[in-house]
Structure formats: structure tokens, C-alpha cells
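Labels A, B, C, D, E and F are assigned to the chains in the order they are written; within every chain, residues are numbered from 1.
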């Protein structure tokens, strides 16, 4: 089987983060730490936080960030109907300009479900 | 006591929506309907949806939308620590450019809590 | 009668443009010239160009730019139904985050019509 | 002849919309309906509406949306000089950050004209 | 003399930051620390960093952030011609949609110069 | 050796600019002239202006513009630590949504340094 969108994203991200770390000083490193921190379980569970990250990424229209949080949603147990409702909010807030991005979000989600062996 | 930020926002919004309805055709009316629809309880509870609306509004930096969802968060039982964590995600995703807006989000939140008689 | 939104916008704009011209060098002046140039009658009539400027300003959510092109639409003979359809496109493309701005666009439009003595 | 940018865009869009429809609930479907509705002939002709959609997409810098409305402009009889003037407005409103996108808009336009057998 | 734009901005910012600190947890506090850190003298002098912050704020069109960095530019010794050139870059990159914001940037700058007793 | 990101970007840009020039009228041409003009040595040196262009492009998240100014930074003698500090400002102002773009900025930078035979 050919490499999927998730695998391609993940290996490219790893390759480029190595280059980032070659140049990153204290501020960039601290930002990376903060970025990891805010999605951890707290007063809100990680699952809700991944949905927040996904909708923020959708309205700001960043495909890589959308993939990152689609994976996070999948890992933290988000279900199809929950993802669809979160995406609907992103679509209504952000408008039709988000449609190409929600297409790719659902492509990634569909692949994650298939890889996990979910029956349709 | 002088009129607070919530009251000023709500009365201005009502006044202007009357003007909108004077001109609105089918498409604008359907959009308004859709906009109300996506925040109702479903697979995700309204509370989570208001947090999604708040973070989307924060990263897109719209003060009126932020006030709207801050009120929605308050009405649906969001607690201080939950709001703060959602705002932290918006801040990290959207950057320091969101800071003036999170200030005003917390000003509105603080007023809503005071009006509700919450002890600090 | 108290000063309307159009008059307040226009006098503030004039006051601030004087400050801009105190500091502006060649590049800023050329940009201002180019900005005036693109809305003139050409292959497309000024009316269509003002609608393009309005929708661009609406999806980018700039209230001052929206007022500027709402005035331009009024001056170039845009009718209520045409304005409403252009705004609907801006709303669908840009999402609910544009709603506070379309409210203020229609407030300005309503005032321009009233000042022109249009019967409802 | 190798597949052009329009064909590649259209087939990818179709493939992904099938995935969207697998997950879409009522809100997403209604949004899609509204999105189709606002570009139909009305007080403003479809041609003007496609230009509005194009300029909105250009200033928001979404290549897929730009391709969608470039095709719509071509289908509704927009001429070269009209497209160029609309793009100039998008460039002036949105700035040099739109240049990579207007390049790709004109690449798509050039291909649509060539496919239609327009003489240069 | 009536209160100027700088004084109004500064006192409002202080008032609201007190509310932020009432609710802020570790992530928001760390972000504030990081935000202060990146503008300090380093390989690039603070003056250049304030210009970077100003142009970033201008193209993202945040009036409060623009005021913050206009003050920072003034404090770190930026001269009129340098500010004008930085603003020209922001205008060309970000387009005419930044014009209302550059007007207010230059209003703030003009006030800072007047308060400092600079001769015109 | 396979073609790098810089070479691919530059040849694609050249190919597309030829199509732009086939359609461009006076306004687009003047904008291109203005765009070249603002980065020339003046009160601020070109090096600072390229950093301003880079940070503006980073917070607006345009990969092509980022590559353009990364090349400009390299040509005008920006050093690693200076680039890193400018990027840190873009990251803090624009948030984690800029991370995929700063990754690609540093990939381009790394390639430019390697091509120039810089020792690590």
C-alpha cells in the first residue's frame, strides 16, 4: 500500500523539526515546551483540548496543524459525531474558506479510522 | 453603577441586529439559523461547543464574538480553570497578537462572575 | 441630530490622513495613489469595484475599510438588494466572524439611505 | 498532454468531497447548500458574484477557493481585462502577500483560456 | 490638556492586565515571560526587534499591539525615517487593509514625539 | 544531487511571473515596482528590511513569501543568530500556527547555508 497522508506528514514533520532544533535558541525551545503543555489533561480533559486545537487550526486554515490535532483527537478517543460537530463549528465561524481544509481534515480522519480497523 | 461591558455589548448587538433584519434576505437568515444551530447540545455538550466558539473567536481576534461566547460559556457552566485553559490554548495557537483580546475576554468573564455574585 | 457613524468616520479619517502625510515618503504616497486608481471605471464599472472592495474588506474584517466602501457603493448607485447579495457572499466566504462587521456595514448603509431621504 | 492544474484540482476536490459526505451531518450539508446558493443570478448577475468570490478568496489567500472561482469566472463570461482589474483590487487590498496566489490564479486562468482555444 | 492616545492605552492595558493576572495559570504567565524575552537586546538590537514587532502587528492589524511597539520604537531610539520605512514595508506586504492601522500608528508616534518635545 | 527547495521555488516563481506579466495592466505593474522599492537600502539597511519582510511573511504564514525573504536575508548578510531571533519574534507574535512555516523557513535557510559552503 502506498504511504498515507498521516505517515507522510509525520515523517516530514520529524525531518524538519531536526533542522529547527539545529538553529533553535532558548525562546523557540520554550515555545515548543509551552505548546506541548497546554494540551495535557487538566481542568479540561486532553480530548476537549485537542478539539479546541483542531477548531483553532481549522479557522486559521493551517493544514499541518489540522493534521496534528486530527491525530491528537484520534488518540484521545474523539468519536466521529464529535469530530463532525467540532468541524461544523469551525466551518460556521470561519466560513467557506475553510472548506478545502476540512476536506483534508476528514481525509486524514478517514485514514486514521481505516488504519485502526474501524468498520464503517 | 455604570453600565458594564456585557450590557453595552448586548444592547448594541440587539440594536444592530434589527438593522440587519431590515435588509437580510434568505441567505443571511439561513446563515443566522445555522450559526445558532451548531452550538446546541449534541454529541458534544453545549459547554464544549461554547469553548470551541470562544477559542475560534480568540484566534481570529473578534472582540464581539469573544464576548458572545464568553457569555455562552458562563451560561453553560464553564468554570474559571476551564476557561483559563481554553484561553491558554488560544494564546499559544494564535500568539501574542491575541493578548489584547484575551484581556477583554477576561474582563467580560470577571464582570459576569461579579454579576452572578461569585466569591473570589 | 447627533453626529452619525459616517460623519464621525469621515472627519477622523481626514484628521489622521493629515498626520500620515506629515510622515509619508514616496512609497506610502505611491501606495495611496495606487489605492485610489484601482477603483476607477475601467473594464469593470466603479460600482462593481466598490462591491469588490466592500466584500474584500468584510472578509478581512476591517470596519474602517468597510465604511469607506459602503460610502463608495452608495455613491456609485448600488441598490439595497445588490448590497445585500454582496454581503451574503462575504458572510458565507468569511463565516460568522464577519457578523459584527456586517452589522456595522448595514448600520452605515442605513444611515446613508436615511441621509439621502430614501423611503422605506 | 500532462494533466493541467484545473483537472488536478477538480478530481482531487471530487475525491475529497466524497469523504466529507461520508461524515457530514445536517449543519455541514446546509452550509454547502448556502455556499452554492449565494453565487446564483439575482440582483447581481452570477458573473459579478464569481468576481466577488474570487477577490474574497484572493485576499484570504486560499488557492483552492481561488481556483474554484477562477473556473466560475471563466464559465460566466468574465473577460481578461475584467479579471485583471478584479485581481488588482485584491492585490491592493490584500498586499504583496497575495502575489503567490495571484500568480496561481493567472496560471489557472491561462490554462482555462488555452483549453477554450482563445487566441492570444 | 486632554488625555492622549498613549496614556489612555497604557492605563487601560494596566487595568486589564490586573484582571488577567487574577485568572492566569502557569501557561499564560510563561507566555507573558516569553513575550517580554524576545524583544531584549541580543544578536539583534532591541531597536530592530521593536521594528519587527511593529511590522508584525501592523500586518496582523492589531491596534493595541501597534501602540505597544510604537512606544517601544520610540524608547529604543527609532527615528522618523526608519519608522516610515518599516511602516511602508508593512503597508506593501499587508495591503490597503492596513491603512486605518498605520494611521493610528502614526497618530501615536506623532503624540510620542510631541510629548518628547521634538521640533517639527 | 536532487533539486533543492530554493531552486524549485525560484524556477516556479519565474515561470508564473511570466504568466502574470502576460495579463498585468498598469496597477499590477506599479505594485510590483513598489514591492521591489521598499526593501532597498535607505534609512534602514536592506538587511533589516529583509528581516522585516521575513517576519511579516511568517506571521501571515505565506511559504513563498518566507522563501523570498529568507533568500533576501541570506544575500544581505544576516547571520544565524539574527535569523533565529527574528523568527522567535514571529513565533511569539503569530503563535504555534506559524510553526509549520518556520520549519520550512529554516529548511530553506539550512539549504542556503549548505550551498554557500558554511561549516556547521
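We adopt the following convention: a residue touches a chain if its C-beta (ideal position, glycine included) is under 8 Å from a C-beta of that chain, and two chains touch if they have at least 3 such contacts.
The model shown is predicted, which means the values in this text are computed figures rather than measured ones.
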* Give me the fewest steps it takes to get from chain B to chain E if each step has to go to a chain it touches. => 1
* Among the remaining chains, which ones contact both chain A and chain D? -> B, C, E, F
* Since chain C and chain E are copies that touch, just let me know if over half of their interface numbering is common to both, same, or not, different. => different
* What is the distance in Å between the mean C-alpha positions of chain A and chain F? -> 27
* Between chain A and chain C, what is the gap in Å from one C-alpha centre to the other? -> 37
* Any idea how many Å lie between the Cα centroids of chain B and chain D? -> 33
* Shared-contact residues (touching 2 or more other chains) in chain A -> 27, 31, 34-35, 38, 56-57, 59-60, 65, 81, 84-85, 88, 91-94, 96-97
* May I ask you to sort the chain touch graph into line, ring, star, complete or other? => complete
* Structure fact -> Within the complex, chain B is touched by chain A residues 34-35, 38-39, 42-44, 48-49, 51-53, 55-57, 59-60, 65, 79, 81-82, 84-86, 88-90, 92-94
* In the complex formed with chain D, which residues of chain A make contact? -> 61, 80-81, 83-85, 87-88, 91-92, 96-97, 99-100, 102-104, 106-107, 109-110, 120
* Residue numbers on chain A that touch chain C, as the complex places them -> 59, 91-98
* **Partner chain D, residues of chain F touching it in the complex** => 13, 16-17, 19-20, 22-25, 27-28, 31, 35, 56-57, 60, 62-65
* To do: State the interface residues of chain C toward chain F in the complex, per the touch definition above.
  => 26-27, 30-31, 34, 37-38
